[in-house]
Each structure stands twice: as C-alpha cells, then as structure tokens.
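Below: a set of structures, written as structure tokens.
One chain, chain A, links the two complexes that follow: it is found with chain B in the first and with chain C in the second.
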Partner chain A sequence: MTSALRIARALFVSQYALMLEFRAEILLWALSGLMPLLMFSLWSGAPAGAAAGISPQAFARYFLAAFVVRQFTVVWVVYAFEEDNLLGRLSPLLLQPLPLVWRYAAAHLAEQATRLPFVVGMVALFFWAVPEAAWIPSPTRLLLALLAAHLGFWLSFLLQHAITMLCFWSERASALERFLFMPYLFLSGLLAPLDLYPEAVRRFALLTPFPSMLYLPAQLASGGAIDAVAGFRTVAVWLAVLIPLNLVLWRAGVRRYAAMGG
Partner chain B sequence: MVRISTIRRHGRSIARFWSSSLAAEMEYQLNLLIEVAATLITLAGSLFTLSLFFGHGQKLGGWSWEAALVVLGIYTLLNGFSSTLLRPNLGNLVKQVQSGSLDFVLLKPMDSQIWLSLRTLSPWGLPEMLLGLALVVVGTIRSGARPDAPALLTGALMLLAGIAILYSLWFVLAATSIWFVKIWNATEVLRSLLAAGQFPVSAYPATLRVVFSTILPVAFLTTVPAEAILGLATGGSVVASLVLAGFSLLGSRALWRFALRHYTSASS
Partner chain C sequence: MAIVHVQGLSRSFRVSEKDPGLAGTLRHFLRRKVRTVEAVRDLHFEIEPGEMVGFLGPNGAGKTTTLKMLSGLLHPSGGRVEVAGHVPAHRQAAFLRRITLVMGQKQQLIWDLPPLDSLRVNAAVYGLDDREAARRIAELAEMLELGEELHRPVRKLSLGQRMKAELMAALLHRPEVLFLDEPTLGLDVNAQAAMRRFLADYNRRHGATVLLTSHYMADITALCPRVLLIHAGSLFHDGSLEQLTQRLAPRREVRLELADILPGSAFSGYGEVESCSGRDVRLLVDRDQLTTVVGRLLADLPVLDLEVRDPPIEDIIGRLFRQGSTEQP
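Showing the complex of A and B:
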C-alpha cells in the first residue's frame, strides 16, 4: 500500500514538473474553454431563458460552474497515446513494471493542478464583472460537486481511453474522438442547462454518460434542482461498464502490439 | 506593379497544387463518409441548440428563427471554408517554421504568402460548405425575404469581406509563429471564440457587441452578410465591413513582410 502511494506521488510530482514547463500552452488550452461563459452572455439576455423561469443570476452560476467543471474534466489521452505510439516511445514505456494507464492518468491530474491558478483567477474576474452572481455553495453541495466532477473526469477519461486502445489496431484512432466530442457538446449541458431541453431529449441525454461529466457537477455546485441520487447511479452504471471494457481492450491490444513499423 | 503574366503563373500553379492535393486526398474515401456524418451531426446539434432560444415563440436579439438560420448557415459555410483552406495551409506554415523547411518556400519563384496560404486544398470541408449554403437558402426563403439582385450582390460581397477578415485573422496568428514557434494552441482559442458567430451579434450584451465588432470582428463574419442577404444591412455596416476587410488584408501582408525580416531560419 505504501509503495503504491509512493509510486503515485512520484508519478504526480514528476508529471506536475513537466506540465509546469508547458504552462503557457496550458493557459491557451484553458482559454479555449470559454464556451460556457459565451453561452452565459447569450442566455442571460435571451427572452427564452426568462420564459423558462430561469433568472440571469441562475444562468450565471450554472455556466460559471460549468466553466470550472469543464476545466477539470478535459481529456486528451488519445492524442498523447497516439503520438507516443507513432514516434515509437511506447515500447520503452511498456517495459516499465507499471500499467501505462497510470502514467497518462497522472499527466491529466497534473495538468489539472497546473490549471488551478488560472481557474481561480477567472472565477475572481467573473465575480468582479457579475457581482450579483457571487455565491458560496453549501458544504454538502460543494463536496458532492467536487466528487461528481472528479468522477466525471474519470468517466470521460475511460470513454476516451477505450477509443485510445484502438491505436493498437489503427494509426489514426484519434479521428474517432470527434464522435465522442459531438455528443458531449450537445448532451452534456455545456451549451444550455438540460432543464431547457424538451422532456424527451432530456430523458435521453440523462441515459448517456455525458451529463455526468458536466451537468451533474455544475448543477450541484450552482445550487440548481437535481436528482443527485439518480445522477450518481448513472455514473456508477457507466463506470461499471467502462472499467471492464477498457481492461479487455487493453489486454487484447497489448497482445497485438508489435511496435511501429513492425 | 503586378504584371498579368505573374498573376497567370500564380493561378496556373495554384490549379496544379489543388488538383494534386485533391488526387492525394481521394485515396482516403472512407474519410468522406466520416466527414459527412460528423458534419450532419454537428449541424443537427447546432440547430437543436439554436432552437432552444426560440422556445415559447421567443426571439433572439430581435432575430426570428428563420433569420437566425441564415446566420448559422453562414457560420457553417465559413467553418467549412476554414477546414478546406485555412486550417491545412496555415497549420503547415507553423510546421514549416518549426522544421526549418520555410527556407525552401522562400526560395521559390512565387510569392511566399500566396504559396503558404493556398498550397493545399482539403476537400473534407466541402460538405460543410454545401450544407451551410443550403441552410442560408432555406432560412432566406422561409423568413419571407425575397432578396433582389442588389441584395444578393451585397450579400456575396459581405461574405467575401468576411472571408478576407477570417483569412487575415488566421494568417496573422500563424505568421506570429516566426517569433513564438509553438503557436498552434492559439488557433484553438481563436476557433472557440469564433464560435460566437453562430448567433446574431445583437443577441450578446452591449460590451461583447463592441468587442465583436472591433477587436474580434465576429459581427462582420456572419451577422453582416446575413443582414445583407435578408435586406437588413445598413450602409454603415457594409462600408465598415469593406474597409475592415481591406485593412485586414493589407495588415496581414505588412505583418508577413515584417516577420520575414525577423526570420532567421530554424537552428540559427
């Protein structure tokens, strides 16, 4: 147990040091996630929002929460893995006595830590610009939101990791990532709270894993109405599907692995 | 002065470039299927998102649903244009600075900005351009606007001006890679900010409207062309768009010349 902790610590610390080198790049990536704030500016002035009974203040809190959650659930494992595979860096990594997935997971968590100061700054800026939206969530909600956001990260990580495993069969598996991003964009609640969706679409969306990555934690943090039990149940079901799926794909893929050019 | 023969020579070269890149891309026919599927899903999702703003018979920033479709159509058209020409070419520019092969481009008997901007053509954005155009037509007809020849001409002119501005934004960003080698992430920022153009600019709060007509001229990319087609454009915005387009092109040219003076090739 202690040795596992030691490995985890070493992985995280080394990846964090690596990420700090790229902090300017990470800042640019973080800036490219401004979509929720853009949607806030649209929805807070849209008559349709008022007609649905959602106040500008509620929109502000929801989309700010969505912005923060998005920052900590961004996943890029398929690109990192594909590049390592194509450049032949995979072989030495596979020789290490540590399943490869932990290295990539640590890199993601380290990147999230690098984003933290930027996110804090953006939240402060937002509250300065829209002071009436400032709020502090209740401790229960905050804890649940943090848990939901972290589980949401693992859900999107596992979902993309499943596609990543196709790198063992194809050189361009990352092209398939768009087919994950598109449903994410329209079903996660990034563009509008799911409460505004027509009932049938909303119910369909809630069956998919995508709202768990954004809508659930954002709604928990912003104080909106949400069936948290049902939300966490969906997360559990999808985790139960994705973890074995990833294990099966990983084992089949490694057995097939013959290094680039081989 | 630019001589006619120079223009003819450039035109002939570009035609060759494009036919050879088309031939190369046609090797990947499965890609076409993937691109068409992705474009259709994205468009369906954007239409759905847009429709949420028009629930309960509401309007968005004074625009009707049908008129807003024209804006979304032009956005889709420009997005397809970016994937066809801007992204592949200007992505290459960044790579060439990184690898040092820009030197060879500069030695060619062709204008380097034109070579870098038009060298390849990726056909995978074409389905998106066609769908965008279809959406513009559908939105215009259903909104009840019957654009006459001058309105259509102004619309086309505004669209060209929008393309010029969009090109300049991309080119300026890519050209700064002469100084900041790893600039490609910045294009992701640009892309995400340009997504604001899916909606009529009047739907945004006043401060953002100012930003979108000055620093980041999203308004001139989609809203003004849509207004022109629908016959709603004011003379002021038409002139402003043309002036801005002219300045952007000249600006991109000036920046490129300035950048080349600072270019010291890779590893030196």
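Showing the complex of A and C:
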C-alpha cells in the first residue's frame, strides 16, 4: 500500500473510532440538520409550489434528498482548528510531516460514516410517514448524485478551510464563517429549490459554489430537472479556484504562525 | 561535525500593552501601544551528536523560544540556525522526521482514544510498516513501563502515564534530535526519576542528541554533563555544572558542630558567617583557602563534627536569577 493510502487509512480508522465514542452526539448532530424537512412542511401546503409546477411529491423528494445531502456536506473545520489553535494543540501537529488539512478531512469523512446509520433510519422513517414520496433513483442518477454530494462536500470543506486559514491572523475566524452562512442559506437550495427563484437570481446563484453543495446533488437524487453538465462544470471551476487558494493561504498562514510566536 | 549549530540567534516579539480600566480599554482600541521584546539575543552554541545538554534559565529567559526556533515552530528574527543539516524554519519533511519537540503541557495524543490509536497514526505518518511499528512500540513500552495503559483512553491516564505515552508518540519515529521542554513538569518524584532513567537509557541506546529544559535541577544534574544557562535572552554560561558552580559560587560551605556555644565574632577570621545557631555554625570559605582554614578551625576551636559542601546548585542558580546578574562569559 502506498504511504499516502496507509496514512489516509490510519487517519480514517482513528477518527472513526473517535466519532464512535460520541454516538449520542452524532445522533443529535444528525437531528440538528432537520431544516430541509422543516422547509418541506412549510412548502407542502404553499400555493407557490403548485404555481411553479412542482408537485407536493416532488417537494417531498427534493427536501428529503436535501436533508440527506446536508448530512454528508456539513463542515466544521473552522471550529475544530480554532479550538486547536487556542488550546495550543497545533504545535505538535505542525512538527509532523503531514499537512494538517488531512487530519481534519479524515475527521469529517469519519463523521459522515458515523452518521450513515442514523440517516438511513431517518429516511426509512420519512418513507413510512410520507409513503407517496418514496422512490428509488435510477442507477445513473444515484451515482451522479453521490458524486455531486461528495464533490459538494469538498467544495464546502475547501471554502471553510480557506476561512480557517485566517485563524493564523485572527483567533476568531469562525465569525467570518458565520457571515458566509447567509449566502449559503439563500443560494444553496436549502430554503427552496432554485427553480422557485426569479430567473436572474437563479442564474446568479448557479455561478456561486453554493448550489453545488446542496441543490445539484439533491436535484440529481430526487429526479428534478437539472443541467448536470453545467453543474459539474461549475464544481470543477470552483475546485480549481479553491485548491490553489487553500495552498497559498496555508503556506502564508504557517509562515505567519512561525513569525508571530507559535 | 555539530548536529545543532546556532550563530547569532535572535528573536523579538511585538507585544501590545493595555492600561487597566475603561479609559485604558478605549485608548487601546483607538491607539494601540506596542513595544518590542527581545526574547532571545545573539545566541551562539554548537551541540555534537549524542550530547545531552541542559538548558537552564528563569521564567521568561527565552528557553522555550529557543527550542521553538530550533524545531522550526518559530522563525528567528536574526542569526543562523542549522539542525541535522537543515534550516528548521523551512520545515522540510526530511527535517521533521529527524527531530521531535516535546512540550510538557502540550499533547498530541487523541484525548478520548487509547494511546495505541494515536501511535498507529504516527507510525503511518512517519512511514513505519506494521511490524517495525509494533517492534518500536514494544521497545518503548518496556523502557517506559507502560502496558495495559496503552489500551485505556488518554483522558483516563494519570499525568505521569500520559507524559510517558506522549513520549512514546514523540519518539516512535526514532528522531536523532530531541528537544524536551519541561518533560517532568507536574510529575511526582517517582515519575520524575522514571523519566530521567528513560531519557538516559534512550540516549545510550540510540545515540540521540538531547536538549532539555527543566526547572528541576535534579533533571539537569542527573542527565546533563553540559549546561547552557540563558538569562534575559542571552547566553550566560556554556559548560559543565561544576564550572558554573565554581564561577558563581567561588566559596564552599563549611558546617561545624561545636562542643561549646561561641559568639559569631569568634569566626570572623575564618570566613563569612552564613549562620550561627547555638553549637551549629555555617561558614563560607574561599576555595583556594579551604584547606588552610579547615586546619585552623580544627586546631583552634572545640569542633565535634565538620562537613564541607558546595552550596546547593538550586541556591546558586536561584540567587543568580534573583540578583539579575548579567556578567557575560
């Protein structure tokens, strides 16, 4: 096994073991992501949906898919890094020949693996409660949705990780992350499918990375109309922007950490 | 060839100062007062491979700052530093594999998992295969007398056990250079002794170079034939503890138990009276006159018992730090 794979495996296994120590917390974290299901209950009786040609069944499938996607794209790296920075845990890790980002990424992937059983249970519960909305996506759609969700996670992770690097300049970079939550809320499709937005707003939203984090995978999974090629193209463009940005910020941040006193 | 080479090493920090109270807070918000602190000034020293060197100094002297610069955590403000053929500030992977920095109050083990889980991650990070990792873990566990503790969550370990496990994590990749910042801080007497035995044994087995800071003189006297004493950011002494003692305490202590009680004035011709309590007297006598003075004391006074000793090294160092002596080597 190559050394990179060995390291990835070791990190994932240890972080998965750590996450399993917090089973009750994982359930609570999963439940705290219920917002799409709450939006479904708001939209299911609203006339605007029908006026836009979206049936209650389509709404149910979209928001259930959005709920599932949200469970596997939630990112908290800025809070973890900030805590490690304030508690002095960064120094020993910075002296190891492994970029810190891999530890945090492994922790996120391990948390997703821990959430999986809870999410399956909640989906089953939803299908029992709203049987008319139950569906199985086609294999193509399912694969594309899984790929889009995973790439959406990486987009979300890289965006928040870029903000995290600001912790090297400000101890409270998490405040800036909260500032980004507003555009995510409105542009990702969390509040409503982007089909309901005015055309100009929808076009603008589709240029940002936010729909890639939720709307794209949710539409693919739920069978909604979506230009998948354009969607994945947007993902590729934002990855091409965020990956080098993260590299530059990491190097500058570590230099500043070393310059300012560790 | 030296494995640690330091020349003209300096480090300064800009720190902001705030006056207390609301007025001070508003002034601080509108117009911050900043001053420069020279934490380390113009250090020069070299350490040969396999040496164990103690790094002494009062709080705020610059010891930890120096260790951080040697390990690459901090960039120097000036001067040159080279460790194991690398410039630490570049933090190249090849350099990081050859060193380790253990800071007494900082941890790398995952708090809620047994140490073995963290050790497996470290083994992968440093490129150890499973068999080699298992062999090294077994060796370190035997040296550090850790057994079933490795299977318990770190949060359930005592401080001494946790420090030992942290050392295991820090040494698993068998670094050539160890920077240890207060490794026995907070440990009880037995744990401190165990830690010293381990470090001496590790140095003997693997020829590792060790630079160790400690406020416990027992660590330094037990482990370090050579001492670097840093004070107010500058190097005050580079040599053995014995040389430091002779330099800072040119006199030796003579303790007398007398058959009769004599006044303090009776001893003024022999040396400086440190204390005179009943029949117990303590004098400070110049080293080069010691033999003559002891002979005179035995001949002139009713001495029941006599002992000659060096003043405790802790007292010597403590006096130096309190006096703020800046005599340069």
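Criterion: the second predicted complex is superposed on the first by the 256 of 262 C-alpha atoms of A that agree within 3 Å, B and C clash if a C-alpha of one lies under 4 Å from a C-alpha of the other, contacts with A are read in each partner's own complex, and residues count from 1 in each chain.
Criterion: a residue touches a chain if its C-beta (ideal position, glycine included) is under 8 Å from a C-beta of that chain, and two chains touch if they have at least 3 such contacts.
Keep in mind that what you see is a predicted model, and the values were worked out from it rather than measured.
Once the two complexes are overlaid on the shared chain, A:Y197 sits against chain B while remaining clear of chain C. Residue contacts after overlaying the shared chain place A:F186 against chain B, while chain C stays out of touching range.
Once the two complexes are overlaid on the shared chain, A:R178 sits against chain B while remaining clear of chain C. When the two complexes are overlaid on their common chain A, residue A:G33 makes contact with chain B while staying clear of chain C. In the overlay built on the shared chain, the residue A:R89 is in contact with chain C alone; chain B does not reach it. Residues 3, 6-7, 9-11, 13-14, 17-18, 21, 88-89, 91-98, 254-255, 258-262 of chain A are the ones touching chain C in the complex. Residues of chain C that touch chain A in their complex: 13, 68, 71-75, 89, 91, 93, 96-97, 99-101, 103, 105-108, 110, 112-113, 117-118, 120-127, 170. Residue ranges on chain B touching chain A, taken from their complex, read 34, 38, 41-42, 45, 48-49, 52-56, 58-61, 182, 185-186, 188-189, 191-193, 195-196, 199, 203-205, 208. Chain A meets chain B in the complex at residues 25, 28-29, 31-35, 38, 41-42, 44-48, 51-52, 175, 178-179, 182-183, 185-186, 191-192, 196-197, 201.
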